[in-house]
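Each structure below appears as structure tokens.
Look for chain A in each of the two complexes below; its partner is chain B in the first and chain C in the second.
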Partner chain A sequence: MASIPAQRTRPRFNIVMVLYILFMLLPIYWLINMSLKTNAEIISTFSLWPQNLTFANYATILTDSSWYLGYVNSMIYVSINMVISLVVALPAAYAFSRYSFMGDKHLFFWLLTNRMSPPAVFALPFFQLYSSVGLFDTHIAVALAHTLFNVPLAVWILEGFMRGVPKEIDETAYIDGYSFPRFFVRIFTPLISSGIGVAAFFIFMFSWVELLLSRTLTSVNAKPIAAVMTRTVSASGMDWGVLAAAGVLTILPGALVIYFVRNHIAKGFALGRV
Partner chain B sequence: MDKTVNQKAWFLILPVLILVAFSAVVPLMTVVNYSIQDTFGNNQFFWVGLEWFEDILSSERMWNALGRQLSYSAIILMIEVPLGIYVALHMPKKKGFSASICLVLMSLPLLIPWNVVGTIWQIFGRVDIGLLGYTLEKLGISYNYTQNFYAAWFTLIIMDVWHWTSLVALLAYAGLQSIPDAYYQAAKIDQASRWNVFRYIELPKMQGVLMIAILLRFMDSFMIYTEPFVVTGGGPGNATTFLSIDLVKMALGQFDLGPAAAFSIMYFLVILLISWVFYTVMTTLDKRDGV
Partner chain C sequence: MALEFQGVSKVVNGQVHIHPTDLMLHSGTMNVLLGPTLSGKTSLMRLMAGLDVPNTGRILWQGKDVTGMRVQDRKVAMVYQQFINYPSMSVYDNIASPMRLMGKSATEVDKAVHKAADLMRLSPFLDRKPLELSGGQQQRCALARALVKDAGLVLLDEPLANLDYKLREELRSEIPKIFEEAGSIFVYATTEPEEALLLGGNTATVWQGRVIQFGLTPDVYRHPLNATSARVFSDPPMNFLEVRKSGGRLEFGDGQSVAVTGPAAALTDGIYRAGFRPNHLELNQHVKDAMQFNTRLHVTEITGSETFVHLEHHGERWVGLMHGVQDLTLGADLPVWLDPAHVYLFAQDGSLAAPASYAVAA
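And now, the complex of A and B:
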């Protein structure tokens, strides 16, 4: 009999988790459910699963250029942003994690404020800045605008990982005659590869999910998928199936890599500090 | 870690400095510029001093938006933090298959683009085609988030809880993982109650990460734009017009540059203050952990 209380705790713990995960998944399931129905079915009948399974909504997106170009545009500026952010953030994060120098704490704080600043404040000046230099409606404009929050994010996350690498490794390498660039590329970068992966993932994600700046800075040529989606809502107002399918497709990139970063998600959101 | 003093490290920082200066300082100076000048078009500006700031500070519109914003942030924090801790306490303690599955499924909402989060709840809450709206309607509760004040707020709050509680839970879970088994065994020997274990072992150990979670959630909810923009567009009326939505309406909708700029600067100063608190918490944590 003594073992019964111990066993009882297990089902109870499961129920909380099951309910919570159900709460997490239900809205997502509903989106997938909608994306597999025709518009006529969505409006006429209320059902928990598609009665006439159809992939027409996905076909619409993958064949209509105004839809799939949205994905292409998003992918392009997200990739540019990822490369820029990582390249400039890596040396900076190394400097912050290893050296103390004049104004280092102030700089580190200033970077944080940029990660935290509301995009709404920057929307108008960005619009004017990039219009005046002729970059409006280009991928590079959005990529540069997103460095505002992604570079600080990358610096903070990478610094968090780098401080975990013992300083003795650096010193040994220098004694062994490595120059700084060679040491950095050959020895240090492999050591923090998981950190770079996590940083890249979060750069990708925050750039992928951002709507306000990317919408403000583009009109036609570089219009991101997020903006394409909002336009469709207001224009037809009825094309729920396609809208749901577009939503499902934007979730996919995150869902595909989530397993690999599962242990680092909290760390990434907490800027490498957990 | 004790760091070497090396002023040459500045060269490693330089690229970041130039890039962020270009994308943060230049635009911010434009805003400062607008906030103290007025224009009749044609790029002719004249000095108005602090007039716009006085305008904004005495305008009902700004204070209302701020009030709504603070209530929103307060409500979601009051729900998400306790719920997040509760969920974290029930997660599988040992690393393994079930813990991985829990982590993956819980994190899903965190990785969904914010406008899609909006879209999901826009559909989910509709009375005609959404599961939530339909169920509530069948239960005899009148629910329409585009017309009804309470329904709109309810939708936005449950959406945020859905979207972000997992973050609090994951951070709290990370804090719990760092507690050595010996602590629990000692508590068992002392016959400590479940509540006492929580109060005197788990909560103190989670304190740091919980601070981070609260600040992150406060900050991000304070800047929320995309989700309410997609779901309610700030309506019904102005019921869900939060600070960012109001600011974008003012700046890009009406092109009231002066007031919008003054608004931006005050908004930014508030964020600066919170960032400073955040930074202080982070650095004390770093020191305490002795890294």
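And now, the complex of A and C:
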């Protein structure tokens, strides 16, 4: 008798789940659907799947340098940003987790308040500053601008993970004869690898999807894909199919990153503070 | 060949953790730091290791001043109460790591690691990660790492406190044997007087940031310098009562008295604090001139072979340790006896006035 309620709720629960996933995936499906159609089909008819399957849209993006360089530019500044953010945040988070110094708690909170201001606030000062020092339209300009938001987040996440490592491990390592840099690289970093993975994930996500700063600080040479996509209303009207293909290709890196760090993320949400 | 503290003190945020301390530890000796939690045992060890720098005083190692020297440059090994290993390395790499850092050759490292692993019975687990071991094995891994380092000073900070009873007994008997042949200075912190007695060597009683007494373990046990040292080195704590020496008699309780014998006979008349250990309290009169106390029984705790009785005598809380399982009525009056030969007399300021006569004879 006890098993009957379980049998009843199971299918209903499954139906809810299936519906939920369907609704969640609908926009993504429609995007993929559009990217595989011709412009004529998109505008003229309503079809649930491509009637004339075409990969021409993808071919356009992967052969036209004004398109694929957008991806290259985005990847370059996102990578630079990840490296800078982690290199800066790791020692900072270590200091916050291990030492108490004057105003450490205030400083730690102030870091978070950096996250509270919208990027738009900084668009103007960054634009003027970078223009005057000749950094405008370079990859490093966007990467540096994004560290303003990513370093505090990374420090916050990493500090939570580092706090979970007992201080006695540090001391045992020093007693055993490890110098600080050697201890940090050989012993400490592997212990917080999940935290580094989670921090890297959030850094990537912010930098990859951030549009305003990256568009303001670039014009040609470092133009990111998000900016390329939003400027493609040409004289011949909207190129729907190519835009959809670009959208699909923009989602892919994020999906790949999530796939690779998914175990760390689950662990990370449980251990760190995020 | 010794570690010497000269007026070493440590103050953290205005709080005194260690009062100025002089201490001399000789090589090849086992030294037990005995004291309750927060008494300063770990603070002393951190100063010895060089993890903390003293506020005043000097630390000498083999006659050389090492007060401000980096931890890495000292020949020290330390084992914590928590099982501290490097979780990302295998047990083998854990044990090998201090030797590799010293630049020893691979064959040398391999030999030493296997020897230490054999001693600590870790040989089957060398490929595992420390977190895949049981608690006792994790601590043995930490001990093995301390062992291979061949350090002149080995600090063991309550290494057995987090282990279960059986393992603790096993390791406690092994540790002195294993470290004996190494010839270094051993410092072992513990809260349990029993452990200090089993380990032997020297004992320092530590109380509220001060080293109260330091000497051979049996001497410290039999001749406590003062009431504090006696309290620290007695588990359950020593019982006390007010006595008055007048003429050749010792007056206590409700006008009772016994004849004074042994070292106490030489004392001047006056009020003293008598102390005796819980295991010397008896439920029956064994000697002719035993002191008899009329006490009230509060609680009994039966451990199987022994019974702890918690008594009240003229406002003082006492604990007695009786052999066997005792069936006693709670809340009832209970007469107990004490051989005067087991009584220590302390002066009003707490310093030892006369040791118990049994301790002198021993």
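The definition used in the following text is that the second predicted complex is superposed on the first by the 254 of 274 C-alpha atoms of A that agree within 3 Å, B and C clash if a C-alpha of one lies under 4 Å from a C-alpha of the other, contacts with A are read in each partner's own complex, and residues count from 1 in each chain.
The criterion applied here is as follows: a residue touches a chain if its C-beta (ideal position, glycine included) is under 8 Å from a C-beta of that chain, and two chains touch if they have at least 3 such contacts.
Keep in mind that this is a model prediction, so the values were computed, not measured.
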Self-check item: chain C versus chain B on the shared chain A, clash or fit after superposition
Solution: fit
Quiz item: Given the touch rule stated above, what does A:F127 touch, chain B (first), chain C (second), both, or neither?
Solution: first
Quiz item: Does chain B (first) or chain C (second) touch A:F55, or do both, or does neither?
Solution: neither
Quiz item: After superposition on the shared chain, which partner residues are touched by A:G247: those of chain B (first), chain C (second), both, or neither?
Solution: first
Quiz item: Counting only touches as set out at the top, which of chain B and chain C does A:S179 meet: first, second, both, neither?
Solution: second
Practice problem: Name the contact category of A:F260: first (chain B only), second (chain C only), both, or neither. | Solution: neither
Exercise. After the superposition, just quote the angle formed at chain A by chain B and chain C, using C-alpha centres and rounding to the nearest 10°.
Key: 90
Quiz item: Who wins on chain A residues touched, chain B or chain C?
Solution: B
Quiz item: So after superposition, what is the minimum Cα distance from chain B to chain C, given in Å?
Solution: 9
Practice problem: Would you mind listing the overlap between the chain B footprint and the chain C footprint on chain A? | Solution: none
Quiz prompt | Residue ranges of chain B in contact with chain A within the complex | solution = 1, 3-10, 12-13, 15-17, 19-20, 22-24, 26-28, 30-31, 86-87, 90-92, 100, 102-116, 119-124, 128-132, 134, 162, 166-167, 170-171, 173-175, 209, 212-213, 216, 219, 222-223, 225-226, 229-230, 243-245, 247-248, 251-252, 257, 260-261, 264, 267-268, 271-272, 274-276, 278-279, 282, 285-286, 291
Quiz prompt | Interfacial residue positions of chain C with respect to chain A in the complex | solution = 49, 51, 70-72, 76-78, 80, 82, 84, 86-89, 97-98, 101-102, 142, 145, 149
Self-check item: For the chain A and chain C complex, residues of the former touching the latter
Solution: 166, 168-169, 171-179, 187, 190-191
Quiz prompt | Residue ranges of chain A touching chain B (in the complex, touch as defined) | solution = 13, 16-17, 20-21, 23-28, 30-31, 34, 42-43, 46, 48, 84, 87-89, 91-92, 94-102, 104, 107-109, 111-114, 116-129, 144-145, 147-148, 151-152, 155, 163-164, 167, 205, 208-212, 216, 226, 229-230, 233, 240, 243-244, 247, 250-251, 254-255, 258-259, 262-263, 265-267, 269-271, 273-274
